[in-house]
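The first chain written gets the first letter, and so on, giving A, B, C and D; residue counts start at 1 in each chain.
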Amino acid sequence: MMDARLAAPFAWRVRVYYEDTDLGGVVYYANYLKYLERARSEWLRHLGVSQSALLAEAGLLFAITAVNIRYLRPARFEDELVVSVALERMRRASMSFSQSIRRDTADGELLCTAEVTAACLRAQDMRPAPLPPHLFQE
Amino acid sequence: MMDARLAAPFAWRVRVYYEDTDLGGVVYYANYLKYLERARSEWLRHLGVSQSALLAEAGLLFAITAVNIRYLRPARFEDELVVSVALERMRRASMSFSQSIRRDTADGELLCTAEVTAACLRAQDMRPAPLPPHLFQE
Amino acid sequence: MMDARLAAPFAWRVRVYYEDTDLGGVVYYANYLKYLERARSEWLRHLGVSQSALLAEAGLLFAITAVNIRYLRPARFEDELVVSVALERMRRASMSFSQSIRRDTADGELLCTAEVTAACLRAQDMRPAPLPPHLFQE
Amino acid sequence: MMDARLAAPFAWRVRVYYEDTDLGGVVYYANYLKYLERARSEWLRHLGVSQSALLAEAGLLFAITAVNIRYLRPARFEDELVVSVALERMRRASMSFSQSIRRDTADGELLCTAEVTAACLRAQDMRPAPLPPHLFQE
């Protein structure tokens, strides 16, 4: 069973800047993946995991192996967004997340949803490696 | 039935530069979506469609509504990649593509596969609009 | 003479994410320009200026005409940075800024310094336009 | 005196894609730095230098220490650009370049000019290192 701390919902705020938009006047489709990752990185930090330390000390990093994303409504310049992270499943060497991006308004308009799978890899040769047993221990 | 010209497979070469990599030493996961789009844009250009003209003259643009991408092996700095585009289905106001990215080596190692759906939108209000009837006519 | 409100120093915090790094393990040189702009955009917001409203209502936007940037030390993954904005000079249709990026540590290690000039343009034809007279009025 | 092979002017073509533009409908200011680097990387490749090999075999990489760029006219979606590279000066551990970006049209409209300094660094600790003596030898 998944640890309640890991299963707890998490959200991270992101502001849309010039750099994120394209000539359509909205956020470029690849850039939502950056927002999704910022939220996952902040989720890890929130749980006490430093990805820098993981790389420097254990030679491990996370790489994304699959993304299934649906774009429902466009995010616009200067919008404030709320990016959610829900860990759906932990396996020996990977984690699956369900994520969403909403506009930070009263009705929290849903802009996109995504399922993301991240694998733990050895940086040296980019081969799968088991998640460190004490990764999420306080 | 789909026009043979539209159904013909298409491929576009992309070089991996510094800007595309991340600290893992490989291409950052969101940047593959840029490569996929460059190839779709070149496919349109190859078919005689100028997206600039479409926007300026008809007020239309394409926006991505869904991406399902699997990352199989990492692309590395200085790799030359071959990005394929196959139009799978045309609907009234959208198109679906099956795409892949291979390393441009003798064995053409498969790095990622993706299904991408693009909707035709009116730029003014980002509402769905029918694909122009003569879009792909020579 | 410049309004004290405009001349007051301003700073904005930025976290370094995966998306910002390159294979050297540090922030890619073009991405510092994104950080500089986030801070300028937040400075405008802090002064009550909405760039979205400026574009929608007055048809005006800011475009950068010159950047002189020196990279002194690399920013690293997961660093928290402090990006400063100091308005150096306001002209009829442009503003010049002096900016810096420091690591948010006790000694505030200086990572880069930059002078940036932004011109006010009419979005329609990208021609210079005078700064709106009441732009910064409360 | 500088080797004629190194001093010879070099140019590289770049296409403007969706990813490069911002809501102003033109190329985002930081992205010109990506174009400048693609051209420098192709200049190195043209001279027989593989940056991947340099990193893997000698543990060396190039990092930018200064950029002075003037944006004269905007590059637009679907433009084809010509990015020039002229090596201005080689020092023990750095190189300075003069670069420009022009639109690839009959009159070759000048869009931006830049001076860029790149230092050779040891990847391990990001400290300056002398350029390898045989770097540019055929």
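FYI, contacts are C-beta pairs under 8 Å (C-beta built on N, C-alpha and C of every residue); 3 or more make two chains touch, one makes a residue touch a chain.
What you see is a predicted model; the values in this text were computed from it and never measured.
In this structure, the chain pairs C-D and A-C differ in their number of contacting C-beta pairs, and the larger number is found at C-D.
The chain with its Cα centre farthest from the Cα centre of chain C is B. If you average the CA atoms of chain B and of chain C, the two centres end up 33 Å from each other.
Distance from the chain A centre to the chain C centre is 27 Å, each centre being the mean of its Cα atoms.
Taking the mean of the C-alpha atoms as each chain's centre, chain C and chain D sit 24 Å apart. Touching of two or more other chains is recorded for residues 18-19, 23-26, 30, 34, 37, 55, 77 of chain A.
Because contacts link each chain to all the remaining chains, their graph is best described as complete. By the touch rule above, chain D contacts chain A in their complex via residues 18-19, 21-26, 28, 30, 77.
Per the touch definition, chain B reaches chain A in the complex via residues 23-26, 29-31, 33-34, 37, 55, 61, 63-72, 74, 121, 123, 126. Looking at the complex, you find that chain A touches chain C at residues 15, 17-19, 34, 37-38, 41, 45, 50-52, 55, 76-78.
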